[in-house]
Amino acid sequence: MRREPVLRVVGKLLIPYMLLFALYVQFHGDFGPGGGFQAGVIAAAAVIFYALIFGLPAARRLVPETVVEAMVALGVLIYLGVGFAGLALGGNYLDYFVLDRDPVAGQHRGIFWVEVGVLVTVAGVMLKIFYVFAGRARPAGE
Amino acid sequence: MSAAQLIAAALLVPAAGAGLLALAGRRPNLREAVTLVAAALLFACVVALAPPVLAGARPQLFALELLPGIALGFRVEPLGMLFALVASGLWIVNSLYSIGYMRANGEPHQTRFYACFALALAATMGIAFAANLLTLFLFYEMLTLVTWPLVTHHGDDEARAGGRVYLGLLLGTSIVLLLPAIIATWAYAGTLEFAPGGILRDAGLSGPALGGLLALYVFGIGKAALMPVHRWLPAAMVAPTPVSALLHAVAVVKAGVFAVLKVILYVFGVEALAGVRASDWLPAVAGFTVIAASIVALHADNLKRRLAYSTVSQLSYVVLSASLLVPLSAAAAALHIAAHALGKITLFFAAGAIYTVTGKTEVSQLDGVGRRMPWTMGAFAVGALSLIGIPPAAGFLSKWLMFQGAAAAGHWPALVVLGASTLLNAAYFLPIVHAAFLRAPPAGEPGHGEAPWTMVAALTATAAATLALPFAAAVPLALARATAGL
Amino acid sequence: MSVASHYSYWITVLLMTAGLYIVIARGNLVKKLIGLAIFQTSVYLLYIAPGKLIGGTAPIVAEAFKLYSNPLPHVLILTAIVVGVATLALGLAITVRVRETYGSIEEDEILAADRDDPDGA
Amino acid sequence: MILEHLPALQVTVPLAAAPLIVLVRQSTVAWGVATAVSWFAFAAALLLATQVAGGGPVSYALGSWPPPWGIEYRVDALSAFVLVLVSGVAAVVAPFAWRSVAAELPRDRVYLFYALYCLCLAGLLGMTITGDAFNLFVFMEISSLASYVLIALGRHRRALLAAYQYLILGTIGATFYVIGVGLLYLMTGTLNLADMAARLPALAGTRPVLAALAFITVGVSLKLALFPLHLWLPNAYAYAPSAVTAFLAATATKVSVYILLRFYFGVFGARLVVGELPMPEILLALSILAIVTASLVALWQADLKRLLAYSSVAQIGYITLGVGMASRDGLTAAVVHLFNHGITKGALFLLVGGIALRAGRAGFERLQGLGQVMPLTSLGIVLAGLSLIGVPGTAGFISKWYLVLGAIEAERWWLAALVVATSLIAVAYVWRFVEAAYLAPPGAATPQPGEAPRAMLVPAWLLVAACIWFGLDTSFTVRGARSAALLLLGGAP
């Protein structure tokens, strides 16, 4: 990989924008096509891109596998947490209306956090899948 | 204690006894003491129930809801009382005998033996006191299952084969025939509670339908050993002798004929059956079994096998009498349960004692045994006389009533069967007695004495009871007559 | 005419049968998974196609538009796609481990290996 | 306040436990969380069941969107009954897993087991409680994906292939189901089951509705392993870790039966399914085939776990037989057998798990003389086996009673005869174990270390005791099943 300076430079240039684009897709989900699923995949793609260029060990150092697993769990917990917050504030489970004094603002707030949860989980799952298969590429096995 | 508590005690004492026995397994003396104490306690409970029942009360106890509308229920009526008295009384004697037999023969797994025996008694009490068909069925199956370890006690290939036949026939007939019969009764009658006069009277079933249902019942109750579902009884001969005594005298076959009596009297109702002539085929089947089993017994050389076929034929006396559908023969049937139990247990005890001392199992080997074991063979003779029906033994009493009942019913084939089978009984029992006392023992055979004293005591006691029953017949006779509504 | 106008259904049915056929007919574990994926894809089409209104736009309230596509099938199928991806990933992960254990991903070879050595390693 | 949110908590608490366990990664904590969550679910299910018994169906609108717009969680007599079964079995299996999983899985995967266990539980509970057809699909896939992994965790290498086969067939089943739901959605424009049921009579007999019925039948039948779609089941059960086998055998197929019942009688309606289509006849024929062939195949298995797996196929046949009768007693039999077979098979597989711990596998050659080496385990298997046969005084008897009663009331005597005759095959295969365990001396392959640890025996015996208890006192099971049957047939709630 060291002999591919073009790739390395382009990669270093592109990866921040990929992550930024992921965030754009994430937050634009309120107003147009977009949302956590797509954003999660794009964010994961950035890391996978990094791994392809700089090698799997480097990617594992950057985003260790424990972090990936934690991301998967954390995203689900954020999502469930929104549900429980609805409960705690006196509504039904996953009730967004009670999350703010203004029901419409409550809707916004609820879906925002749910999408954050989705982003984290989807990115985590994508990376996890990538790690699982990429890590097994060598025939030596475990 | 109230009557309901007594019923509960009668069920729980043997069950708790089984638990204690399992715990006391490592200490044989304690274990056997527990058996005897449990047996005595149970007998006391059952005896305490007798006066109110004789006075006309019907103590009852209802517990769990087996199915919506059917409770786990117990109600003591005269027939059940008689059966419970016989079974619990014989358990004491049988325990005494078992102690001697099991020790003298060095049998393995004695703790399992005593525990299963106690459980079998618990199941028997459940059958005797059951207030409805479902409760009866539950304990009937339980009895099959807890006696299986007893039948396969030796654990060898022979025991395994015998156990398969035993379980296959008893469980098979009860699941395939008896269970549908019970469910059909529930579907048509809407109840399963035993009631004098029967519960199927108003179900509006035709004669053939009732007859079919009756067939499901009498062949489904495999324990009654009506031919052709009698095969399990000879197969179970692989068991140790105390188990044979349990099967033939104390509990199992008695539970079978008891259940048949219950079904005829309290499910169908004598009048309902007689009215549509639904049971006309039953005396023929029972009569055939009586004669055929006697002929097989006549040809059997193995002593226990001969006794087993004798049981098959004696059981069919009960079914035959019950199927004549007159009160007197119903009373005779009830009484014969007790009489046959006393006589047959004596015979098995004697056979076991002979085997314990000499290792002999065949009739042809018994020459001169009576001279060396006078108590044992004396008791054997008493039991044989009772089963043939010679006064003053207990069997005479029930057989006399049977003849009377058959005459009252005007059923002359039954009279012929009873007469012929009495001759056959004599033909297969008397040669044994004759050989034992009047022939010389084979030359060169080492001498021997009696069996251990507990065994001799047990068989003497049952022989004495066989002789005493006709003279103290008030209680059993009263119960039998109350059963028949006389 | 009416047959042709339902072309989305025909495509659905074609994908469905093709996918199912691959699953059944192929012995290669990966090819089976590909068949499974095609089979699932047919369902996505089944849901999405009827939800589309010709000339309709995304269901975002705005002054200029009166005609919207039904958003619900999209949401449902988004979930179904996630499920499909998870299934595919899991199936492939299992296949990788099968390959590591048996050294093959052909079904008949694996079964033969199990027949020869029933207790396995 | 907690009480009115029970329907949501019933599912979300186990669901939340899974990521928590992944975050913690520590096996003791994982076990503690999984056990606590299972018992919480059990308590919640019992509370819900009493609420339903007292005051009729409970409806819960997720996100406060009223049905049919939002997703509705709906607990009625039938779903409450299934919830109790699923969560109850989970509550018993979780403590059992402590020793069993520690012995069968590598240390670093133990937390994964518990996370997936919670996920699977949440999925099964969600399938049962939801009133939304698509939400049901999602929960179906959650529980299925979790169970594929759980099966693949098995020690034996064949577990991998078993999991793969289950994955393929399970996914096909779920996809068939979702195709059926899609067709229904196209026709009715709703995904709420109750709403669908209200709109379908107007469309009855149209081709998409019939196609939907066919797709859903095949899809769910794959999931519930109805003969001849049962091929995935024996291997999956035989090679999964013991705790997984016990849990899945007792719950997963039962929930699928629930879905079949729900769609047949709750959505399509008895008039269409029973009155106009030959579904009862088809079900009866397949059930009879399942009972006879699977029982016979079970008889010849060399491994107790496989034997029990085939017996499961046969027992599922009894359940669908009750469904096929489509009468009050038949449906009562189906629902009550769903419960009784659940606890019976749960108990058996837990006890076999004890054997697996000591002997490695449960091949019959290793069971010689087991009655002496592992007396409590063997006795438990015998008692639960009696329930499998349907001996009176055990739970299995109650099911058989209602099956035969249903057959007799329909005057189908041959069916009654068939039900009782096939239980004789069950006698034969249970007795194979009895003879091996009690009538043979311990052989070279018999495990030596002795009885299973108490942490495994106690949960197993809890279920054995339940088998006996629910055979003697049927006030909960039969009443619950009866009211569920009436509900399905459109009678009183």
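Letters A, B, C and D mark the chains in the order given here, with residues in each chain numbered from 1 onward.
Definition applied: a residue touches a chain if its C-beta (ideal position, glycine included) is under 8 Å from a C-beta of that chain, and two chains touch if they have at least 3 such contacts.
Since this is a predicted model, take the numbers as computed values, not measurements.
Trainee: Touching chain C and chain D alike: which chains?
Mentor: Of all the chains present, those in contact with both chain C and chain D are A.
Trainee: So which has more C-beta pairs touching, A-C or A-D?
Mentor: Pair with the higher count of C-beta contacts: A-D.
Trainee: Can you identify the chain nearest the overall CA centroid, using each chain's own CA centroid?
Mentor: That would be D.
Trainee: If we define chain centres by averaging CA atoms, which chain lands farthest from chain C? Would you check?
Mentor: B
Trainee: If you average the CA atoms of chain B and of chain C, how far apart do the two points sit, in angstrom?
Mentor: 69
Trainee: How many angstrom between the C-alpha centroids of chain D and chain A?
Mentor: Each chain reduced to its C-alpha mean, chain A and chain D end up 36 Å apart.
Trainee: For chain A and chain C, what's the span in angstrom between their mean Cα positions?
Mentor: Centre separation, chain A to chain C: 24 Å.
Trainee: With chain centres taken as the means of their Cα atoms, state the distance from chain B to chain D in Å.
Mentor: From the centre of chain B to the centre of chain D is 44 Å.
Trainee: What pairs of chains are touching here?
Mentor: A-C, A-D, B-D, C-D
Trainee: Can you tell me which positions in chain C touch chain D when the two form their complex?
Mentor: 16, 20, 23, 29, 32-33, 36, 39-40, 43, 46-47, 50, 73, 76, 79-80, 83, 86-87, 90-91, 94-95, 97-98, 101-102, 110, 114, 120-121
Trainee: Give the list of chain A residues in touch with chain D in this complex.
Mentor: 66, 69-70, 72-77, 80, 83-84, 86-87, 91-97
Trainee: Using the touch definition up top, name the residues of chain D that touch chain A in the complex.
Mentor: My answer: residues 5, 8-9, 12, 15-16, 18-20, 22-23, 25, 60-64.
Trainee: So in the complex, which bits of chain A are touching chain C?
Mentor: Checking each residue of chain A against chain C gives 31-33, 37, 125, 129, 132-133, 136, 141-142.
Trainee: Using the touch definition from the top, list the residues of chain C that touch chain A in their complex.
Mentor: 58, 60, 78, 82, 86, 89, 92-93, 96, 100
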